[in-house]
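In what follows, chain A forms one complex with chain B and a second complex with chain C.
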Partner chain A sequence: MENLSIDYILRELSSMKIATDVPRCRHCLSKVLQLCSSIVAQDLSPFLPPVVNLMAHSDLLIKKSACLILTKVSECKSELFLLAVNTLLKDIEDSNPTVRALSLHTLCAMKHATFVEHRYSSVVKLLSDPSAYVRRAAVMSVVTMYHDEKSVSKDAVVVNRLYELVRDDDPLVVVNCLTVLEEILESEGGVVLSRKMVGYLVKRLESFTTWGKAYVMKLLQKYKPKSEEEILDLMNVLDPFLDNNCATISLYTLQFFLLLIKDLPDFKDDVFLRCQKMFLGVFTCGNSELISCFLDYLQKEHKPDKNAIQKLFADHYKVVFCKQKEPGYLKIQKLKLLVELIEEENFTAILEELILYSSDRDPQVSICSIGCLKRLVLEWPGVSTQLLKAFHKLLRSERNHVVSNTLQVLVTFSPETLKNLSEVSTQLCLIAQKMSDAEAVVAVLYLIGQFELDNADSLDVIEEFINKFSELDVKVKTQLLMTSFALFCKQPAMFQPILAEVIDLCMHDDDCDLVYQAKCYFSVLHTDAQTAMKIFC
Partner chain B sequence: MSASAVYILDMKGKVLICRNYRGDMDMSVVDKFMPMVMDREDEGQMSPIIQIGEVAFIYIKYNNLYLVSTSKKNANIALVFSFLHKCVQIFLEYFKELEEESIRDNFVLIYELLDEVMDFGFPQTTDSKILQEFITQDGHKLEIAPRPPMAVTNAVSWRSEGVKYRKNEVFLDVIESVNLLVSATGSVLRSEIVGAIKMRVYLSGMPELRLGLNDKVLFETTGRGKSKSVDLEDVKFHQCVRLSRFENDRTISFVPPDGEFELMSYRLNTHVKPLIWVESVIERHAHSRVEYMIKAKSQFKRRSTANNVEIVIPVPLDADTPKFKTTIGSCKYAPELNSVIWTIKSFPGGKEYMMRAHFGLPSVETEDQEGRPPISIKFEIPYFTVSGIQVRYLKIIEKSGYQALPWVRYITQNGDYQLRTS
Partner chain C sequence: MMAVSKIFIVSPVHSIIVSQSYRNDTSATCIQDFVQKLKQVATLLPHFVSNGVHFYFIRRNDLYFVACSKTEMLPVMVIEILSRIYHICKDFCGVVSEASLQANILLVYELLQEIMNEGYMQLDVSSKIQPYIQSTAIIVHKEKSTVKDLTSRAFGIDQVTSQVSAANRPITQTARSSDGKGFYVDVVEKVVATIAADGAVSNMQVNGSIIVRNFLAESQQFKMVLNEDLVIAEPKAKGYGSNVQLDGCSFHECVNHEEFEAHRYLLFTPPVGEFTAMTYSSSGELCLTQPFTLRLFVAEREAGSRDVNVVLRLTSNYPPNIVASKVSVRVPVLSSIASISSKLSADNQASEFSKRESSIIWTLKNVPGKTECMADFRLNNQGSTMVTRRDLDPAILDFEISGYTCTGLAIRHLKARGKEKQKQQQQQQQQQQQFFVRCVTVSDSYLLRTF
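For the complex of A and B:
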């Protein structure tokens, strides 16, 4: 085990030899960095003297590490800072662009007054550096400056220079300028996008990095063309970006197009269909987070426009099918989309998929899938045999959460719909004895009250619950009361003793709502049983 | 997008390395991240974004690491995800494995990389070849050629001037991956071929390359409609390819980046017979045993051969005492995957092989956790493409006029290849 104590490293770094032994020095500095990386506050100020010395070292890696450590200890105060500033200022004049950029970065990262006073002149100077790499760094440093001292960086010299640099040869400098202008001029609405500027950016777009393209495309969304002709021109030029390698860029292009054609609704369908490949491509990309973002976009922006989604995916619904390894949240989103896509032709295939995931081991996925099944029951009254089978199977599942979820969905159906599902009821009594979570038990009790069941079985179930009445949840007790009443209304003779017993138990419960409810039932029955049955059933 | 900071955490939420980009947030805010992830996991509400107060944590998981980016405003979620994935890719290129160990070993290198890929929360250069110019670390995997001089102004953002090789060579790999999903009843739910042309370019100077394929559209316009050609769909190119020329006359011309990159990808939706078909009969006798009968069939031409075929058959968690019988290849029980792996080194076309497996089950049943995971297959068929795509020529023109050799390889392999079991 290597000695990582501060003292030891400090001793190593302070020794005279270290500056000549480059590998040893690099190693020691990396150990210091390891110390810095733990968030737990450690006082690293003892390292300052050797680190400031090493900043002037000729080895680039040592210089980099030293600068990085310096920014990490920027909180403390020290006379050594003056020495550090001088080193940095000297390096800003260095012939190596990497060194120039590095020292500017370091200078701007330090919040101490000694450093701050040199920032402005250094940044302005390096904004005109011959190396693109340094210009990139200088442009970004303007934001750092802006966040510390709002007035300085907004002055006309800097802003004008930034606007000039938008026409720079280097693509990254251009994009950096735009991001910086957007940020420091936020209060004035960001970069001014004239027609000329938009034309220029569109022409340069192809040369930008992926991130740059995405950023500029997002930026362009602010621009509102004056004439229809201009809109069409823009759309023609930007059309290739609708199926860019990077799906995010395509998405931004789509968003821009949708904004452009806000007043030309006829185009909307075409634009959307143009992106079909892109959407389908995303589903096979294997990056679940990205797929999730896209589904999110579709759900949020285009939910009202069900037709468009149908058109996009109807023929390719199989792409949307879930994969075993996908995380739960993605499966849920996919299932929600699938149910939107259902049609006569693909009904069986999608149903099969939904049934498969109804018994998923992730309870959330399972309930979502069963919820989708519910929608099918409501929207496709004709094809319910398959669905019935599905519910049958789900209720027989070995996993409790599946059964519980199924029950909870069944409960939400109207009595008319339930009649179509009456075959399911045969298993209810068995389930009632098996289930343990309150939600499921409430549901199953409710269903027992609703269906025409074999009375002897229901009687058994109710009796069993009466036996363990004191252990039950209040919700279950309430439901037990209501179910007994419902059963009584159907078969008064058979269920009268049971109902009496339940009402009696409820009236002596601790929960006052339940007591009140029981009393209410009792008094109603007591006054006029016939009318009461008519009202409640 | 603008990310305030990027962290790499281990499974317990301990910060391995972090880089503060904007300085607008307390770095210790990440301490709240892990407990929140745990909570969410318990409640079964996983999502890749977690919002705590005004801070949004956007994260991905890789191996046993979390890559987390914090953001306060205007973060563009999709882009942040892409960026994090890109970071993983870059790290992998630099040190093969991305895990706790390799992070500790490459501390300074990661800091250097993090410094270059992002500035003040905005992504900068993420092209690993260009990045290499700014990275001073030596001894890492990427160093093959002598380092080119610093690119001051680049005519193209993906290639530096002054690259030099003693021997000029280009390697071209045409790789087609087959994605397949078959339902438990044996009907094909999804079948698709994703192709990619990958290149390794070791060329000096600023070479101009032109690639000729047997592209159907090109053949039809040039009156060679009768020759064998393929209809490529959904073609995507690396940013170096001149799209306008492709649109005009279907020529693929480009100045390539140095080293390894993916030139293009395409998709084929034509229905092909699944290359390797598996039929399974599974007999479960609860509390005592489970028996598998697996039949694998190769449905491609006889003169091709699939290599290193691995058929992974999931078995119950609590299965024990495995027994196997096969007509070819070898079987291995892999308890860590809860699967049997049937390996066939060489599987010629038009053949059919059988495998039987037998497992004991305990009399006490554990709760079924895993559902019914699908059978998955890995394979590789060299010298063969499903689509029939062919490289007709690769022209290399450089102003110094050197001769360069192109090497072409074809491979078909499995992509996401799964067959559900009943």
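For the complex of A and C:
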């Protein structure tokens, strides 16, 4: 690694020879750039003198880099800026369009007063430059200027010139003008879109760059056609953009269409159907971040159209299936979508998928997947053998988070549903001894109370908890009390001593609520045990 | 407002490689904010808000390409923009890695300045940006491990198998370092499959793409002929047969596919750089053959011992003249497994036991088609419970097979159409050498359920 110290580079850059040795000079400048990005709050002002000198260099790359470094140190103050301004002003007259655009860009990027005074005249001048490349840059410079002094937006010369340039030959100039006008006229509602203007833009849409299309499509969303005929015309022309390789364009077109057909709801399904190919295409592109943002967008923006979207995926649900290497957040999003898509036909396949990820290494994915399984149990009465298999496996899992989550899901089921799952219960006693987190223990104790278990095993478990009673969490103690009571109701003879012991322990606890509860149980049982058992069971 | 405020690239060790500010509406400290988040939050979503600044990022080759904005933009859009920037960097620098970006820092800044102005996208096609770029790329070769190099030299072996996967090998390097010309077509197929415990295919799909990398100086029209018996049909309408059956396909905008329906050929005038000419997908087991069949058996060792034997049997189903370069099988095991011992069927295999991840990894090099490989593992179990098949779920298979496509799709013919016929004939021989067509099938997610 080469020496990166500031002094060293500074010495190199200040030496006389550097101006003639182009490769060496480029190398030094790249070192400066590495410095200013790698170390934060690095003071680069010592570099100012050599950099300002190099701005006048004949090599374009050196000039570019020098200008870039200058904008990065724009905060400091120096007399050298006057020299820099002179160089820039000279370059604005240069015969090379790249140089003209570069110097204008740099001039506008500088906040210092010496630069600001020359800004306006230079921008206005270059807005009429013969080179499209320079015009593009000049149009964008208007935004920079606007952010420093808002009065520009009132300036008739600039605004009119921008409106003129909307009819420019160069597609990029057109798009830049529109975005700039939209931004600087924000307070007045942005660009005025007449019917004529919309017609013109739609006609040129095909010639714009990908992003140009996207910007313009977003802009068009402001336009409200007067007649139904006009709506249909627009939709006919813009229809191909619904299915574009670029998801952004498709989504903006979709948004526009949905606005257009606000009063024509019959078209909605057809519009979504036209997007189907694009929707599915996003899932096969392999760009995880894109899929994730896309799903996020569907969830957030198209909630009312949920059914229409589900229809699109119904036959192609396999596209949504997770992949092993995908990041956890994406798996979660996909699983959530999958559970929405479930139907009679694809039930088995989607269930398999959920089961697969319910024991994922990533705890978040596992929780999400188990949560989805829970929804299935509730929404699809008649628990299938596969679901049983799933819960079996989950409880057997050696990852504690999986078991814990499963238990917490099981707890939320109604007693009727639990009856169907009674096969699962055999493992509960084992789990109760293994689990350590309070939530899971509470859940498992509750479940032991619910299921018809082998009494000897349950007895063992309760006894074990009694032995370490003082170490337990209050929540666990409370649940222990309730479970003992439930077990007592089922098998009074067997569990009476245990219950007595638990109540006794609870009554001497520090927690008032627990003491109160224990007393309550005690008094109820003391008064009329038979009725109490009827009520509680 | 749809303007990006800043774009920066963060290295795997959380240092900033490049940062370009387009607008001053967000403070300079927001870059540090992002790095902080990256360190703290384990799973960062690609779009999130922190201190009123919206962040969007993509992760490529362990580098983070990040954009931030003051107002919320359509996240899909920013992600697509970042992906585009990544591809442009790849076109210009050859490889996108920390070292190559550092070496080409002037070039990267030049690119970032051309791609965006004031946070609005400007030029996004490599060939259009090219005229405004002054720097020449410095080619950074992937770092080779010196130890491996030494051993190969010590044993007098000159040929070393490339460390880089064929599917993502930086083609630009060779193109740029030689005469700067060349035309490469890659057919890449990614297989997603889930095989049920009984061997039935419960889900199988292939996502394929034809990627063109064009470094020819003059633009010519190309004609690419695909399989004549190619059929595009709904999954339900598919039948048995050896022909290529696809669910659907889409094309890049420069591709003229009018004749595709009738004659199965594409015409295109490729832009300079890399682009995906066609993407397609195919699903269902009728028209896709599994490249591998993996079977897993569990046998109890002997009475009184909790140890078990796990036998993996991998059969390759592709033609014998094709060799899969890298294959690996990963089987998750219980954490109570303390160690393993293994017996493998051939020398080109290796096995590894990772205690931390609780899994066995069986790697195979150069597996020819129509062969069978076996691995016998003895798991030393120290837990109280017995190990059963369901504890080994799911086994993950990873592979890479070059020269083979799962769907059978192939490029039958590729021809440049020069305007003058004579000139074309003269150049034909010369050009023929400059076209490279390759196909490769890689696994995207290939799971074997064990119960």
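Rule of thumb we're sticking to: the second predicted complex is superposed on the first by the 513 of 537 C-alpha atoms of A that agree within 3 Å, B and C clash if a C-alpha of one lies under 4 Å from a C-alpha of the other, contacts with A are read in each partner's own complex, and residues count from 1 in each chain.
Methods note: contacts are C-beta pairs under 8 Å (C-beta built on N, C-alpha and C of every residue); 3 or more make two chains touch, one makes a residue touch a chain.
The shown structure was predicted, so the numbers you read here are calculated from the model rather than taken from an experiment.
For the composite obtained by superposing both complexes on chain A, the positions of chain B and chain C are in clash. Of the two partner chains placed by the overlay, only chain B lies in contact with A:Pro171; chain C stays clear of it. Touch criterion met: A:Ser131 reaches chain B, while chain C stays clear of it. Once chain A of one complex is fitted onto chain A of the other, the partner contacts of A:Ser207 are limited to chain B, with no touch recorded for chain C. By the document's definition of touching, both partners, chain B and chain C, reach A:Cys246. By the touch criterion defined above, A:Trp380 lies against neither chain B nor chain C after alignment on the C-alpha atoms of chain A.
Contacts of A:Pro363 after superposition: chain B is touched, whereas chain C is not reached. Of the two partner chains, chain C is the only one touched by A:Arg396; chain B is not.
In the superposed model, A:Phe522 lies in contact with neither chain B nor chain C. Contacts of chain A with chain B, set against its contacts with chain C after fitting on chain A, overlap at residues 26, 29-30, 33-34, 37-38, 60-61, 64-65, 68, 98, 105, 133, 136-137, 140, 143-144, 147, 172, 176, 179, 209-211, 214-215, 218, 245-248, 251, 277, 280-281, 284, 286-290, 292-294, 318-319, 321, 323-324, 327-329, 349, 352, 356, 359, 362, 364, 398.
Touching chain A in their complex are the following residues of chain C: 1-3, 8, 15-19, 23-25, 28, 31-32, 43, 45-47, 56-59, 74-77, 79-83, 102, 105-106, 109-110, 113, 117-118, 120-125, 132, 134-135, 190, 192, 194, 196, 202-203, 205, 207, 248, 250, 252-253, 279, 281, 283, 334-336, 390-391, 393-394, 396, 444-447, 449, 451. Here chain A touches chain B in the complex through residues 26, 29-30, 33-34, 37-39, 60-61, 64-65, 68, 96-98, 105, 109, 130-133, 136-137, 140, 143-144, 147, 169-172, 176, 179, 206-211, 214-215, 218, 240, 243-248, 251, 277, 280-281, 284, 286-290, 292-294, 318-319, 321, 323-324, 327-329, 349, 352, 356, 359-364, 398-399, going by the rule given at the top.
For chain B in complex with chain A, the touching residues are 1, 15-18, 22-24, 27-28, 30-31, 44-48, 60, 76-79, 81-83, 85, 104, 107-108, 111-112, 115, 119-120, 122-127, 134, 136-137, 150-154, 156-157, 179, 181, 183, 189-190, 192, 194, 233-234, 236-239, 243, 247, 267, 367-371, 373-374, 416, 418, 420. For chain A in complex with chain C, the touching residues are 26, 29-30, 33-34, 37-38, 40, 59-61, 64-65, 68, 98, 105, 133, 136-137, 140, 143-144, 147, 172, 176, 179, 182-183, 186, 209-212, 214-215, 218, 245-248, 251-252, 277, 280-281, 284-290, 292-294, 296-297, 318-319, 321-329, 349, 352-353, 356, 359, 362, 364, 389, 393, 396, 398.
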